[in-house]
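Per-chain numbering from 1; labels A, B, C and D assigned in written order.
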Amino acid sequence: MARVSLEELNSAGEPAFVAALADIFERTPAIAQSAFGKRPFSTINALYGAMSDAVRTLSAEKKLDLIRAHPDLAGKAARAGDLTAHSKAEQAGFGLSRLSDRQFETFERLNGAYHNQFGFPFVICVRRHTQSSILSQFERRLRNQQTDEVETAIAEICRIAALRLDETVEAPDRLKVHGQLSTHVLDTFSGRPAAGVAVSLVELSGEGQEQPLARAVTNKAGRTDRALVADRPVPIGRYELRFDVAEYYSRIGAPLADPPFLDVVPIRFSVAEPEGHYHVPLLITPWSYSTYRGS
Amino acid sequence: MARVSLEELNSAGEPAFVAALADIFERTPAIAQSAFGKRPFSTINALYGAMSDAVRTLSAEKKLDLIRAHPDLAGKAARAGDLTAHSKAEQAGFGLSRLSDRQFETFERLNGAYHNQFGFPFVICVRRHTQSSILSQFERRLRNQQTDEVETAIAEICRIAALRLDETVEAPDRLKVHGQLSTHVLDTFSGRPAAGVAVSLVELSGEGQEQPLARAVTNKAGRTDRALVADRPVPIGRYELRFDVAEYYSRIGAPLADPPFLDVVPIRFSVAEPEGHYHVPLLITPWSYSTYRGS
Amino acid sequence: MARVSLEELNSAGEPAFVAALADIFERTPAIAQSAFGKRPFSTINALYGAMSDAVRTLSAEKKLDLIRAHPDLAGKAARAGDLTAHSKAEQAGFGLSRLSDRQFETFERLNGAYHNQFGFPFVICVRRHTQSSILSQFERRLRNQQTDEVETAIAEICRIAALRLDETVEAPDRLKVHGQLSTHVLDTFSGRPAAGVAVSLVELSGEGQEQPLARAVTNKAGRTDRALVADRPVPIGRYELRFDVAEYYSRIGAPLADPPFLDVVPIRFSVAEPEGHYHVPLLITPWSYSTYRGS
Amino acid sequence: MARVSLEELNSAGEPAFVAALADIFERTPAIAQSAFGKRPFSTINALYGAMSDAVRTLSAEKKLDLIRAHPDLAGKAARAGDLTAHSKAEQAGFGLSRLSDRQFETFERLNGAYHNQFGFPFVICVRRHTQSSILSQFERRLRNQQTDEVETAIAEICRIAALRLDETVEAPDRLKVHGQLSTHVLDTFSGRPAAGVAVSLVELSGEGQEQPLARAVTNKAGRTDRALVADRPVPIGRYELRFDVAEYYSRIGAPLADPPFLDVVPIRFSVAEPEGHYHVPLLITPWSYSTYRGS
């Protein structure tokens, strides 16, 4: 997955061009070949447009071939390590390769049911999802008609390709494939940003389990120095932000009850648009708070 | 613990008067005897005042006798059932009698340490506490000087007595021994109370455990028909209210993300004044909420 | 407008019954006569139902007679004092009789235009309106078709009658003809109701003028001892609540900027349902506030 | 008031250096002369430090001379146009030169009283103030002791000088002499920034008068393209932001009462720190709103 510039692609010969983009669409260099004829591309969006157009105009049979070029999600190939570099990174980043045996079996069962029903593997843009949302996607998509499901799978493949292209090609513009999750804490007791507040972000799974994702301490502006999630899609799923409010108010000498009315404040919310900007601030006093989806 | 009216007490002879109030202060009828001379009492507050004055003016030795008349908290006597009716009800209501062996051992150890240090049992008004707050009181009080700790124990005994008196005596007035915990849900998306919202209240213990306390559904006024806790002290401790917001907005047809940004909203707070009124409302839209200690 | 009990009405002979209710519908005793036959009435709602049914089933011509029995709003009859006791009280309470010459001329002009268009006087339930909303009703209703406008006028006449009946008849139940406007102030800086906050309510007219309606100081519960508007419809119109927040925070010793960030906080809102309960609270710190239509 | 770069100043001879900075301290080139010896200055803060040090170490007599070098505020010299270019711009920007005769007389009277008491003109950094705050400063400072008031006047002169220096000298760094006033509108009914909301900012004077300062319409981010006040101190005073909320909700098709509960929402607040950042956002639904001093 060495990076290449748009300029280099525009001046490359066909073999180099196709080699560089061969796996943007999994094991299907024909898509890159098809795009080669549309050079030069002034933007990465134009390049991606040419490639996804090529996919959308494939024959029904070729579409099935493209879908079938993908490995099972958390399947035996993943366990055996028999994946393209892209697929390997995607499945690993998501933690599918670290599934418990029981979870692995659930995925095996769902993969099997899906295969039986549609005759191709379940393809989903893993980086836009949590395990919980993948399981709920499995359930929903198993209820689809065959034709609709082919289009759904192709749409997911295009999302996967966009993320791969964004990682592979340097360009003056960006594909809109990343979201952001950020917070800030405003102390309306003191009328200023709350500095030094410990914040943590966890992902909530279905059965009361949780996965720590980020920890930070607010700076003088009441913000974290970096967004809690950035430069990647924010996976569809349930999250909880936790703000250590009692420690903050104790430190600045605010009069508190014993125990303090508010201690660690949890804000629980779900992400539905992985490419969205989720700003979830906290306005706080020792006796009240507000939160909202901000921007 | 048969109830008796203030009027009956005022017209009773000494033996009946003392018998009725003998265990208001644990196994110490002398306090009732002392109050008998102050009759008649126009209010239960006056009666309680006479009894607690009698306690406060006891000699140092008699104060120790009064403290020592109390059983250990969650001690062997409790396990063996060897308690006054009042003590039995108090310790049972709190759940101490259902402690795991390990928790029982912790209390045994703390009771022992306390006994060694002060020479009398650890007395606390159990109905004003959760297990967590009792454990933290144990720790704090073990750091007290002997003289201060005697006064602390006597103050707890007076609190216990006030609750017992309130249960025992019917009077035109009330002792201020009860608190309240209530909520209401206001839908600022629609500009009206949120009806039909499922609310639950749990107590949070130290180690991530939780104890369900109440469940309710909001009525047309956005309130629960009864307060979630009423007619008793609200035990010092940590709580979480949970509001099923997504179900409500889905039912009234509000446009929601998929999954909805807010689903079950948790409000976590602590109670410090068992006799206080804790009104903890929720102002909600599909994208924001506020809470505060109200009244 | 002497009050009479429902019981008395039920046992009265026809002349006394009709005399008591003759002007509930302006100068139209026939409505009372018609209701007489439906006695006895167990509730005032049943009595009102019988009378309004009688109105609704009047012939088209009789409906016009009923409308024409009403005086012009702020017309020459009002200036000359030639009104029924009910009409006089209604127009006076509203302040129409204290109009400036210029305002009087506006009403004269609108009355004239309306008369020309529909052939009967403009009837509106004055107690449900402010001058501004009456002027906007004039404009809207001048655009009505004749048939619709007859029904609109009859509906207004029924609202007038309901208020008159509520004042005239004592009964175990009440007609739902009154609304309420109330507030409370919660200090989320201190975590308790804000006591001693001066609150005023003004009506805002169209051209930047304002009419003081009520003044109060919050009590220990952060509420005003009485609702700011009660036992009457809340007139459709624009209002402003003003809360003297800086004085409060200065008094309780909160640290404030100089000048304080918030001084007098204005909350501007409109009433659309005169029979509604408008609870408009203020949640406040020295640096922030919230308000909402509560309940 | 031609601009000069720090570099040019560092390499200039004494006459040019002093000429460029002669009126930074009103008609007192000696301060510039004194700073000349401290060259070179790597930052404008260092240059300002050298000049203000020179002022602070002046003899008592020279301090009085410096104060007396200033014109009366809104005095006869201003009316006659007999001011330095700096003073002229400052007093004009503030609107003092457009005072009514009555206001002019108030200032004349206060100038006279102040002169009588202290023997020098009332000097204040006009750009940090509104008329109201200047009047209240006049009152406060008339109560000062002579020695304190000399120091107060010198401090004001240094503030005036800092603003003049900031305008005169180009440098890699900036003096912290500017504040900012900004807003944004978040629609928590829809869960997104409120775009297209008309916002206006007015200054409120003492007697119910108001001065329009800025108008803007929120962009897609719910913000105004430029801050409402920027690149200048935010004058100490009272302000009102007005948000046309009903127009916005009507436009996006939200269900509204008739008339809408909220129409134009006024947020009234005061500025106490002219160099501060005042961010005053509005969180809004058709039935509720919040505001706070943000950052």
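Odds and ends about this structure:
One rule holds in what follows: a contact is a pair of C-beta atoms (placed from the backbone, for glycine too) under 8 Å apart; a residue touches a chain by one contact, two chains touch by 3 or more.
Everything quoted here is computed from the prediction, not taken from an experiment.
The minimum number of touch steps separating chain B from chain D is 1. Distances between chain centres, each the mean of the C-alpha atoms, put C farthest from chain A. Because chain C and chain D carry the same sequence, their contact can be compared by residue number, and over half of the numbers here are used by both.
Separation between the centroids of chain A and chain B, computed from CA atoms only, is 47 Å. Centre-to-centre separation of chain A and chain C, using mean CA positions: 57 Å. Across the assembly, chain A contributes 188, 191, 257, 261, 283, 287-288, 290, 292-293 as residues in contact with two or more other chains.
Here chain C touches chain B in the complex through residues 186, 188, 191-193, 221-222, 283, 290, 292-295, going by the rule given at the top.
Against chain D, the residues of chain C that register as touching in their complex are 133, 236, 238, 257-266, 268-270, 272-273, 287-293.
If you check the complex, the residues on chain C that touch chain A are 188-191, 257, 261, 283, 285-288, 290.
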